[in-house]
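For reference, the structures are reproduced in the following blocks.
What follows is a pair of complexes built around chain A, which joins chain B in one and chain C in the other.
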Partner chain A sequence: MSDEETIARLRVILGDIAPDLDVSTIDANADLRNDIGLDSMDFLNFVIAAHKRLRVDVPEADYGKVDSLAKFARYIAAAGAPG
Partner chain B sequence: MFDIIRKSPANWQVPPNLLDYDALCRSFDWASARRAMAGLPGGGLNIAHEAVSRHVVEGRGGRIALRHLGRDGAVSEVSFAMLDEAASRFANVLESLGVARGEAVFSLSGRLPAFYSAAVGTLKRGAVFCPLFSAFGPEPIRARLEIGRGVCLVTTRMLFQCKVAPILDALPGLRVVLLIDGEAGDERGQVRALPRLMDAAAARYSAAATSPEDHALMHFTSGTTGKPKGAVLVHDAVVAQSATARYALDLHEGDIFWCTADPGWVTGMSYGVIAPLVCGVTSIVDEMEFDAERWYAIIENHKVAVWYTAPTAIRMLMKVGAEVAGKHDLRSLRFLASVGEPLNPEAVVWSQRTFGRPFHDNWWQTETGGIMIANFAALPVKPGSMGRPLPGIEAAIVERTPRGIRVVEQPDVDGELALKAGWPSMFRGYLGEDERYRKCFADGWYLTGDLARRDRDGYYWFVGRSDDVIKTAGHLVGPFEVESALMEHPAVAEAAVIGKPDEVAGNTIKAFVALKAGHEASPALERDLMAHARRRLGPAVAPREIAFRDNLPKTRSGKIMRRLLRARELGLPEGDISTLESDEKK
Partner chain C sequence: MSDFLMPSLGADMEKGKVVEWLKKPGDPIARGDVVAVVETQKGAFEIEAFEAGILGEILVPVGVEAPVGAVLARIDGPGAAPRPAMAAPAPPRPAIQPVASPPPRPAQIATGRPRISPAAARRAIELGVDTRGLSGSGPGGAIAIADVEAAARKPAAPQPSAPPTGTPGPRRGFDPAAMRQAIATAMARSKREIPHYYLSLPIDMGIASEWLAAENARRDVERRLLPAALLLKAVALALRAVPELNGFWVEGAPRLSPSIHVGWAIALRGGGLMAPAIHDADRLTLDQAMAALRDLTTRARVARVRGSEMMDPTVTVTSLGERGADSVFGVIYPPQLAIVGFGAPRITALPVGDAIRPRPVVQATLAADHRASDGALGSRLLATIDRHLQRPESL
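Showing the complex of A and B:
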């Protein structure tokens, strides 16, 4: 799966956690908490949902490496998740 | 039961400010604490002078007050002299814009240096400073500006665009909006670019000659019913905020101190701005949100000595694991403290194991203005206990009676935690709500609404809330505010919200909703309701979970029984349901 495809799937997951956002227009490089305004519980729920639906493991210590959609997609690609 | 953590003087890098608890409690009085303040040159007391100008006058202006860590990794330092000058410019800006003494200046911003100069500058001006939480949605912001009669709001361009512009027309009393990062092109109507005004303002300002009882700060808090309440603190609060910071946080002049609280909450103001400045410490100001790796790196790189944080963050650090902490040199840490909600004993034990020091839980509320009950550096810690009352604070467990209250003398009895009224940082009112203020007191005691018990050694233990207020991620959320927002949705007939225990946030908010005729429960509607609530309230206040019911349980007088919904959700005993008239239908 390309990074673009992963980002598209992450957008859908994000939309379920924060349905108030227009996820289709979010800048993939924007910081999810500091720019987009997710609070820490939202962010935790987002990572947990991504874990379930994309079967990607993100240990808590790596949360700083998945703080934007683009970084998350690269993280998944590097981890070789089946997607 | 967890083992008591005992302290050994051999491990003290610096002797704690409070060594003999009993002796200090006997000798302490607020009048003496007040004499430690400089006071204004012409008489009077002003927090801005105690916090900043005093250091400059006494030759310490070159010391670093704030070390700001920007999002791009840039570090910038602000000395007491620089902060004094910026605050003076801000006070001049307010005066030139016609903001009068006693009027309310609100802020909506993250941890930016401009927030500090706005806070101190507002106090210099003699106006009342009211910080708001920047994760609030437009509706809580509008309600608080209206109730608090805000005439000026300091915020950023982005927060203004997302959250304030949509409600500006509904706030006729808001005369000025100052954009911290604004440019000339942003100016229209009452919206002004702050940097331009600051540059043009004079760099000196003599602090307003406020008296100790003049209003200084306003912090919003929530009750079970009704609108949010603006708790008002006075300039005299600085006496308690600085004394408690020395005893309960063990601040020593020159310490590197990190209070991680958001500036929109009372902790971020009392112990993020005022107390550390008065105590002459250097505060770490981290612009970014929580991240375990970065947090440990900050402690290591900046040699943080005293760290004041919250249970939600500590529990996240526990999830990340001790190995991550082990990669950093955290030996600069001398004292660790926690506030916001009861810190679970496992977290205290974990920190003792991981950092070689326990987190010291302490307890206070918006209304108390400062720490009231704490675990101290020199005293044993009983994991799970909030500790013992500060010197100068008389606490008790009380029982409400038809005529007032009865103080429960015997130990190990659950009751309401009460404080003998009259300490300097006690709130002096809820703005415009005298009746609600009066109801907080009985027989000379402030009734906290928290249930607790005191053990034989005089340690207090949190038991629960006496009302339906929800504590989530350390913040109080009034169910009424959330329910009102849900009720505004065209499909909703009834709504009730409860706190649902959560291992990280303490509680998360769950809503129960009954729909109007013609509306069907569906995942799409749930999503739409969730989006509606988040847009109105912001993520910190909106429910994380919504359940549909055909009917909500109500009393004869039509009051929804949140308590019963919560008991059923958590599988607890339903308790007294004699007033139940119309039961829940799934």
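Showing the complex of A and C:
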């Protein structure tokens, strides 16, 4: 799966956990917490949903490596997660 | 027979509008069932039955406003208390008669909320389709993706496309300007009537952070904890030790609450905030507290907060989270007696033993009603919260 495809799937997941966001227009490089306004609960829910749907496990210590959609997609590619 | 009433969802609410009936006359009702959705200035809330029985006559149809205390419907059968039990004191009830207001729209749906698959719900949000009133072709009549997409292709169909008021979007009945007005009313009353006093205490979160990191490292992602769960539990336990700050100021005297229902302040991205209750927070395990926080914040995002959660918080906690300001001195939500605040953790130089160490420090604050308590008592609450946070394993 390309990073673009992963980002598209992450958008759908983000839309589920934060239905009050317009996920289609979010800049893939925007910081999910500082720019998009996810709080720590939203962010945890996002990591949980990504774990369920994309089978990627992000330890708490790695949260800084997945703080934008683009970084999250690269993290998934590097982890070799089956898509 | 009992009455299903327009509840008081906070001291600042005078009336509400019925926007959905999820049960119809003749339907059996269990205690706790969501019977109707009511829209207030703060958005839409799910109103539960406090009695079991059979839903009788509906007196206030969809689209009509009614004052707090008005009878919305009759409930026949077992259970006959005349009104819902309310922990929070309600204002004097106005005369019980529906407020004149626009007639209900003919196409409005009076049947229950449709069952819908999660994927279809997502698609509906993407396409901006209002799923109320759609008929489902999925198992058990559940709405499927195809139904949502078909509805999106037929914009001319006589579908109610959106709630009658409020902005479009997934938060039902949420109007930022109306919410601003509700907050303005409550906060102006608070500052007019309540003589606040303020205290603060820096709390070393080093032990709690290390404990949390170690705990989370060996937990599945679904079971990870956030610092908020520790803060919630620490406040609830501290209020057991200092019960004088848990309750309401009613008719010139404090009325303490035997239960600890923590109103958890949740900022809404569309603007505004709400502080629905986490019931009996002192009796939850840490895992239950975390689950309750997750559930509540998730539902607040999509306007699925229940009326009972708005009625009876006995205290409020506002936590600015990881990226907020250093400290927050709250404004008490009347008629409560206190609000506890937590700032963002900051690495601060603290004496530990005979050395100076960098430690994550959170400023805990208290704003309390000076009519009901004094600073010595408030100090004890903050010190007790601190003590609990130094022993996270026993929370």
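One rule holds for everything that comes next: the second predicted complex is superposed on the first by the 83 of 83 C-alpha atoms of A that agree within 3 Å, B and C clash if a C-alpha of one lies under 4 Å from a C-alpha of the other, contacts with A are read in each partner's own complex, and residues count from 1 in each chain.
Criterion: contacts are C-beta pairs under 8 Å (C-beta built on N, C-alpha and C of every residue); 3 or more make two chains touch, one makes a residue touch a chain.
From a predicted model like this one, the values you see are computed outputs, not experimental measurements.
Of the two partner chains, chain C is the only one that A:D57 touches; chain B does not reach it. In the superposition on chain A, contact of A:V12 is made with chain C only, not with chain B.
Of the two partner chains, both chain B and chain C are touched by A:G37. Shared contact residues of chain A with chain B and chain C: 16, 18-20, 33-34, 37, 39-42, 44-45, 59-61.
On the side of chain A, the complex with chain B involves touching residues 16, 18-20, 31, 33-34, 37-42, 44-45, 59-61, 63-64, 67. Those residues of chain A that touch chain C in the shared complex are 12, 15-21, 24, 33-34, 37, 39-42, 44-45, 47-48, 51, 57-61. Chain contact summary for the complex, chain C toward chain A: residues 118, 122, 125-126, 169-171, 213, 216-217, 221-222, 224, 226-228, 267-270, 293-294, 297-298, 301-302, 321-323. Taken in their complex, chain B has these residues touching chain A: 71, 135, 162, 287-294, 312, 316, 319-321, 323-324, 473, 504-505, 508, 527-528, 530-532, 534-535, 538-540, 544.
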